[in-house]
Each structure stands twice: as C-alpha cells, then as structure tokens.
Amino acid sequence: MIKFKKSIYRLVEKGSHGKKINLIFDYVIMSLIVLSIISIILESIKEIGSDFKIFLEWFDIFSVTVFSIEYLMRLYVSDLTHPTSNKFKSVLKFVFSINGLIDLFAVLPFYLPLLIKIDLRFLRTLRLIRFMRILKINRYTKSLNLIWSVLKDKKSELAVTGFVTLLLLIFASFVMYNIEGDKQPDAFPNILASFWWAVATLTTVGYGDVYPITGLGKFISGVIALMGIGVVALPTGIIGSGFIDRLKSDKNEEEQTCSYCGKTIK
Amino acid sequence: MIKFKKSIYRLVEKGSHGKKINLIFDYVIMSLIVLSIISIILESIKEIGSDFKIFLEWFDIFSVTVFSIEYLMRLYVSDLTHPTSNKFKSVLKFVFSINGLIDLFAVLPFYLPLLIKIDLRFLRTLRLIRFMRILKINRYTKSLNLIWSVLKDKKSELAVTGFVTLLLLIFASFVMYNIEGDKQPDAFPNILASFWWAVATLTTVGYGDVYPITGLGKFISGVIALMGIGVVALPTGIIGSGFIDRLKSDKNEEEQTCSYCGKTIK
Amino acid sequence: MIKFKKSIYRLVEKGSHGKKINLIFDYVIMSLIVLSIISIILESIKEIGSDFKIFLEWFDIFSVTVFSIEYLMRLYVSDLTHPTSNKFKSVLKFVFSINGLIDLFAVLPFYLPLLIKIDLRFLRTLRLIRFMRILKINRYTKSLNLIWSVLKDKKSELAVTGFVTLLLLIFASFVMYNIEGDKQPDAFPNILASFWWAVATLTTVGYGDVYPITGLGKFISGVIALMGIGVVALPTGIIGSGFIDRLKSDKNEEEQTCSYCGKTIK
Amino acid sequence: MIKFKKSIYRLVEKGSHGKKINLIFDYVIMSLIVLSIISIILESIKEIGSDFKIFLEWFDIFSVTVFSIEYLMRLYVSDLTHPTSNKFKSVLKFVFSINGLIDLFAVLPFYLPLLIKIDLRFLRTLRLIRFMRILKINRYTKSLNLIWSVLKDKKSELAVTGFVTLLLLIFASFVMYNIEGDKQPDAFPNILASFWWAVATLTTVGYGDVYPITGLGKFISGVIALMGIGVVALPTGIIGSGFIDRLKSDKNEEEQTCSYCGKTIK
C-alpha cells in the first residue's frame, strides 16, 4: 500500500526526477490545460456547427475527468507532499495551498452547477484559473521569482506611484466633469463617466468614444495625456532600478574579504 | 490647561506614538476623507434618488464639522507644532504650512458660499485637496521622499526634455496647420486646434477626433508619433538612472575607509 | 581559374578589405535593395500610370537579374566562404546559412511562378526578406550583436513577462465576453473578438472600433489599461538592466588583480 | 570706436558677466521670442477681431525690427566672437554658425516676401526656428549636453533599433495590404496607406481611422501592437543604460590610486 502511494507521489510531483513517466504525465496535463482553454474559446464562437459543439462538450467532460482524478491523487498523497501531525490536517493544508486551490478551481466549475443554481458564465471564467498552472513549469520558476522579488522590493515606491496616479485620475475627472458636463451631458453625465475618460487618457488608450470639445477641456486633457508619460516613466524607472539592485546584491554575496585590512573587496 | 493642550497635541499628531487613541483618530479622519470623496462622486450621478441625495448632504455637513473641529484643534496647538516667539506667529506659520493649507482647503469650500457668491463647481473641486492628506500616512513617507528626491536630482534634465517636447509640439502644430488647414478647416481651424492634435499624437493617445487626411499630413503625423517613443524613452531613462544613482549614493555613505591605505573601500 | 575564383570571392565578401571595387559592389547591391523595396511600394499604388508600371516591371527584372548573378557568384565561391570536405557540402552549407536563405528569398519569388502556380501576393511579401540584408552592413554588426545578446541574456524573464501578459489577455477577454457579450453582440460576439479588444486595450492602441459600454465593462477595461502600464514597464526595466549588466561585465573583464592581497580591484 | 564695439560685444554675449544690462537685454530678447510665437498662434485664429489683427501685425514688425538690430549688432562684432584672419571670414563664420543661422531664420521670413514671391505659410513656419534660441539659456546647457552626449554614445544601438522598427513597419504594411486590401479598398488602397496604419499601430496612437476587419488582419495587428511594446522598451533601456554609464564614467574620473599597490580604488 505504501509502495503504491509512493509511486503515485512520484507521478504527481514535478517531472524533475528524470523519470520518463513523470515527464509524460506533466506534458499530458499541460496539453489538456491548453486544449481546454482553446475549447472554451471555440465554444463561444456561434458560427461553429453543432456537431463540433458536441465534440467540445465531450472533450470538456474528458478533461475534467482527468483533472478530477489528478486532484484525487494529490489529495491521496497530501500527507507526503504536506507532512503534518495527522492525515486530515495534511489534506486541509493541500486544499488551501495555492497549488491546491488552483487545482480545485480547475474542476469545481464543472461540479458546482450539479449541486446549486449558479451563474454559468462566472463559473466558466473560473475555469481559466487552471491556466495558471503553466506558470509552475520548472524552467520559469527562477525568472518568475526574480520578477516577483523585484516587485516586492519596490512595492512601497510602486504603491506611492499608483496612489499618485489614482489621485491624478480622480482630480482630472472632477475637473473634467465640471468643465465638459454641461456641453456634453452624454459623454460626461457624472464623475464616474468622467473617470472612464481620465483612465483612457492617462493610459493613452484613447478609444475615442469620449473626448473633450471645449478649449479648456482640451487643455486639461492634453496636460493629463502628457502626465501619462510620467505615469509610465516612474514605474519603469523604479522597476528598472529594482532589477539592477537585485543583480548587484546577488553579486555582492559572492564578494570576499581582503585578508589584509579585513574589509570587503569587490 | 497646559495638560489639556498637550493631550490634544498628542491626539492630532501622527499616530506613531503607539497610543491606541491616536491610531483611532487617524483612521477616523482617513475614512472620512475617503468616504467624502466617494460621496462627491455619488452626488454627481443624476440617477441617484433624492432620498439618498439628502443623506449625502447630511454626510457632507457631518464630515466638514469633523474636519473643522480638527482644524480648530490644530490651530489651538499650533504653538506646540510650530514653535515661534509668539502665539500669533505660530498660528500663521501653521496656516500657511503645506499641511495647514491642505486642511484649510478641506473645509473652506463649505463655508465660502455662505460669505460670498462664488462658482460652486470650482469650490467642489477644491474639496479634493483634502485627499492629498492620505499621502501623509507614515508608511509611504520614505518612498514619497525617495521619488521626490529623484525627480529633484534630475529636474534639470527633465526640464530640458519637457522643453524639447514643447518645442516639438509647437513646431508640429505649425506645420500641420499649414498642411491640413485648407483640407480640414473643421479639424485644424487654427494653430491651437492643431496643438490639440499634436498632443494627442505625441502622447500616443490618439482619440481619433482629429487626424490628417493628406499624404504629407500623414507623413508628419507618423514622424511625430515615432518621436513620441523618444518622448517616453528619455524621461524614463533619466528617472531610471536617477533611482539607481540614489541607491548607489545611499550605499556609498555606508562605505568605510581602509585603515592601511586610507582610501575608501566598498 | 583559382585566381578568377579568388577575385570573385574578394568581390562578394564584405567591403572591409579597403578595395574600392568592393565598396562599389556593396553600395550597388544596397541601392538596388532599397530601390526594389520602393518599387514594390509604388507598384501597389493604383494612381500610377501604366507607362511607369512598365518601367517598374523592367526595373524588377533588372534587379532580380543582378541579385541572381550575385547569388550564383556566392554559390560558386561557397567552398571558400564555407570550407568543408567537399564542394557539394559547401554549397549546401551556404544555401542553408541565414545569409544564403536571405539571398535566396530575394530572387526565388521571381522564378517560382514560372514553375508552379502560387499565390502571387504571398510571394511579393517574401521579396521583402531581401531588405534584411541591410542589417549585414558592417557598421551595425556590433550594436546588433549587443542588443541580441541582451535579449538572449534576459530571454527567460522576457518569456515570463510575455506569458503573464498572455494570461492577462486571455483572462480579460473571457471576463469581457461574459460582461459585454449580451449588450454588444456585434462588438463582442465571441472570445476571439473579445481578445482583439483586450490586445488593443493592453497595448494602449485603442482604435475605438470596440470598447465597453456597460459600467462593469468600463471598470474592467480601465483596470486592463492601467495594467498595460506594467506590461510596458516590466520588459523595459528588464531590458534596461540587461544593457547595464552587459556593460558592467565588459568592464569587469578588464579588471586587474591587486598584487598585494590577490583580490580583484576595479 | 573699439570701445563702442566692445560695449556692443559685451551686450550681445550671454548675460553671464554679472552686468545688469546684459541680463535685461537677454530677458527682452527671450520675452520677444515667446511673445512672437504666441502672436503667430493668435494670428491663425479666425475668431480674433481685425483690430487685434492689426495690433499683432504691428507687434510682428516691432519684434522683427528688434531681432534685425540684434542680428546687425552680432554681425558687427563677429570679428570678436568668431576671430579669424580677416573681417569678412569672421562674418561668414558667424552667419553659417548654428547660432547665426537660427538668428537669420528669425528675421529672414519677414524680408524674403519683399524680394521674391514665395509660399507665405512655409515662411511663417520658418519663423519658429527663433524659438530654438531659448535652448541657449545658460542654465540648461549642461543638461542638454548630457542628454546629447548620451544619445551620441548610444547612436549606433538606437540606429539599429530604428532600422529594425522601420523593417517591421515595412513588413507589416506589405502583409496588411495583401490581407486587407481586397476587403477594405478605401482604408488599405496601397502599401503607403498601409504604412500609415502600421505607424499608428506600432506607436500605439491608434486614431481609429484605419483598422483591420478580417480575422487574419486583426491577428497581425495585435502582433504589431504587442511588438510596439518592444519598440518602446528597447530605446528606453538603451537610453537608461546610457545615462547610468555616463554618470559612472564621470565618477571614475574622480577615482584615486591606492598608494600601496598602485591600482585604482573607488
């Protein structure tokens, strides 16, 4: 029994053990994830014939079955992957770990409508979470951690930038509502609508559905658009310096001490 | 009396003294600021029923009352927060300090219409200034100072970039007015209108309300749009190097001198 | 015979040998490339008279003839440029080298329709590949290699950024399809169409052909547009740090060792 | 006579001599430049009454008179500012120096129509060149030189980036013309029109006057828009590393040598 459990444990763990069966297992799951995303996209296209729709439904049932079996397997070996004092605690620890939740959301949208009445569209979007599993591929872990740690290093600066941006957006929408509200009651009926314009302008998206027509409004709009350059420049500069800082501190750890004066020499 | 004043002083000063009452005071003021901003936004939405409008008005009166009491408290203890030779000078020093002005603008728009006839819309926007108080939260002070000092370090380079951008905008609008003015008298009636196009193009907002239709106009427009890349790249590079420079100079201050050769060793 | 081959070899090789004839050969080929690109552009303009069209056709025949002769010359000296054990292997090595393929695609679109029936438009686009030869100009080789090596250094981080961007795009299009699909069946008929909106928003292009009209849709759209700032900031920061890293490692190689303590001194 | 010339020389040279008269002279010229730019902008606005138009014309005559006198003064002292073997050579040296040409273009557009028949619009734009004189203000010279030297340091990398961008634009317009040309003959009539779309997409301006409607066209468009991120990221990273590099080399010059081992210590 223990031997069987151990072989399942080896199977579901990441394919870094060099065994061929692990790699195949990994690739099958990854392919199923990508294919199931594509199948959801295809499902939404009305032009697709009903024959193909039935095939897509069958594929959905098949992929959920595989994901469910995998989830049960992971539940079964949770005392090996998440060792605690007793079996039940291990199960809970796995279920509420990030990986466990991602795996759960990959199958839950299928079973939930069978139990309770729920908005199907919202559920379908939940299925997308399974896509995040691809980020777990070994190869990218190091880079993902680097990017994550840079963002964490600079989170305070980025938060301030974000807050100033928010302040700017709110201020701009207030001003714009007061300036353009009378002239364009359809485009700027209230401050929320004005906020929509502010975001579209500051991020330089500029759909063109809402834009100022008065002279003063255009002036404010131009100022906001120019400030949009700073809104891009600040986080970029912060993130850039974060990457350089991290690369430097990685190197500093490799530094050695001068045997003569006892100080660090690069 | 002095004891009473001191307890008020401790209350209105930033909640870094570890006392629970200070933290509560801070959070109440912060919540009131955020709620009053939301209330101004909701006020502007016409769909909202009149019952709710009355509630919003009452909330406005309530929040201004709180802000007014807080302002009076700060005025009262201004000789402790801004010590000078006499009481009156301290009051003035507080009133015209940045924090004092922000606090004043948070309540002034409420009282001013009672005294003089004034444009209400402009006043409402002034109330937004109270939102800037959130930047005073302790946690962000260090990051805000860092960003500010980087922008100050590089203010000369950023000013030159800004000036060259302005030159480019003016030049582009003159050229465009001469090229497109005849063909699209509605879109490019004068150089000011042409300037609006120039800003929308250089910042890559591109609403789509004004765009060239002649071949030459499109060529100039394309050149301006491509230059827009440089307009983003230059300040970003400058700010990025500013952050790195500051991180480095922070570290250099921690450097020590080698006791042997008397030079700085990292 | 060998002498003749050597003189051809000297001719087709890059003009860095200081010989005037090589430089002339290079400039003629470069000019022909630029002119042939311009001729393809002019060919597409319907307003151009038939007389000029005939001239363009003759120019096309002329330029292809020159490129063909050059290709044959390179084939002829392939045992000198790509030395292997026998002549045939050298020819193959040249034909399937990047330079060889670029040269082949510069002439192939002309001959192919004479042999087999093929889509002419696709062929014409293939001719563009000849334009890549300009990148071979000596002067830019070092910079191109630097940029290339920076992108290679950071390929893992850039891939992760790209993947997270893709995830964001897919997630946004799913959500948007569910929100706006009912209200705007023409703009968001399926997830693929929704993906088109997501790309236009995240990259801040914002053509204005598709945009949300519901409140929730506008909120999601604003969030995506603001995330677009991060999508620009991350790769820029990564690439910037890559350039700085490379400049530093170039300098480090020039570092020397202190003869006293045996450690590296900058 | 020499004394008179010297006093004029002191007057027209940059106001860094601490003399009040120089500063006043500088500020008068600067104000006239800014005012004359504003007057050109106002001139273009049709709504402005004819009375004000006459005032603007008189102001134009006045400012040109002042600029002309200044130009004559600079011509007069050119043997002091541009010393050569004889007077005539000095005059020529000044006239064809960058500063001399800028000063000439500030007055030439006024006199030229008196001599020959010429397009007035083109002339008016030429007057803008006088605006460039503001860049000569002492305060910004250092920053302008820094930015300029960074761009010069990296000109080769920036040129390669620019060239790859051009290649991308040409390639995209060829492909798009072949894909969308049949479906939207008005938007993509030829490759030049397609190029206009390519620029608007790659720079993320996205006016919305031209956009793909076919599935394949949208796919290509999305790819180009995503590549636009790289087109911004590359020059930004290059310029950023250029600024850091220059700051570092400035510091390195201040480095000293260790008296013990004779090597450089930071």
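To keep things simple, chains are lettered A, B, C and D as they appear, and every chain counts its residues starting from 1.
Please note the rule applied: a residue touches a chain if its C-beta (ideal position, glycine included) is under 8 Å from a C-beta of that chain, and two chains touch if they have at least 3 such contacts.
In this text the structure is predicted, and so the values were computed from the model without any measurement.
Undergrad: Give a one-word verdict, same or different, on whether subunit A and subunit C use largely identical residue numbers at their interface, taking over half shared as same.
TA: Result for this pair: different.
Undergrad: Looking at C-alpha means, what's the farthest chain from subunit A?
TA: D
Undergrad: Could you quickly compare A-D and B-D and let me know which has more C-beta contacts?
TA: Higher C-beta contact count between the two pairs: B-D.
Undergrad: Approximately how many whole Å separate the CA-defined centres of subunit B and subunit D?
TA: A distance of 30 Å separates the two centres.
Undergrad: Report the inter-centroid distance (CA atoms only) between subunit A and subunit D in whole Å.
TA: 43
Undergrad: Two-or-more-chain contact residues of subunit C, please, as numbers and ranges.
TA: 192, 195, 204-208, 232, 236-238, 240-241, 244, 258, 260-261, 265-266
Undergrad: Taking the touch definition from the header, please name the shape of the chain graph: line, ring, star, complete or other.
TA: Per interface graph, the chains form a complete graph.
Undergrad: Quick check: in the complex, which residue numbers of subunit D touch subunit B?
TA: Within the complex, subunit D touches subunit B at residues 37, 40-41, 44-46, 121-122, 124-125, 128, 131-132, 134-135, 139-140, 142-144, 146-147, 150, 165, 192, 195-196, 199-200, 203-209, 231-232, 235-236, 238-244, 247, 256, 258-260, 265-266.
Undergrad: Touching subunit B in the complex: which residues of subunit A?
TA: Residues 156-157, 159-161, 163-164, 167, 170-171, 174-175, 177-178, 181, 189-192, 195, 201, 204-208, 211, 215, 218, 221-222, 225-226, 228-230, 232-234, 236-238, 240-241, 244-245, 258, 260-261, 263-266 of subunit A touch subunit B in their complex.
Undergrad: For subunit D, which residues count as touching subunit A in their complex?
TA: 204, 206-208, 236-237, 240, 244, 266
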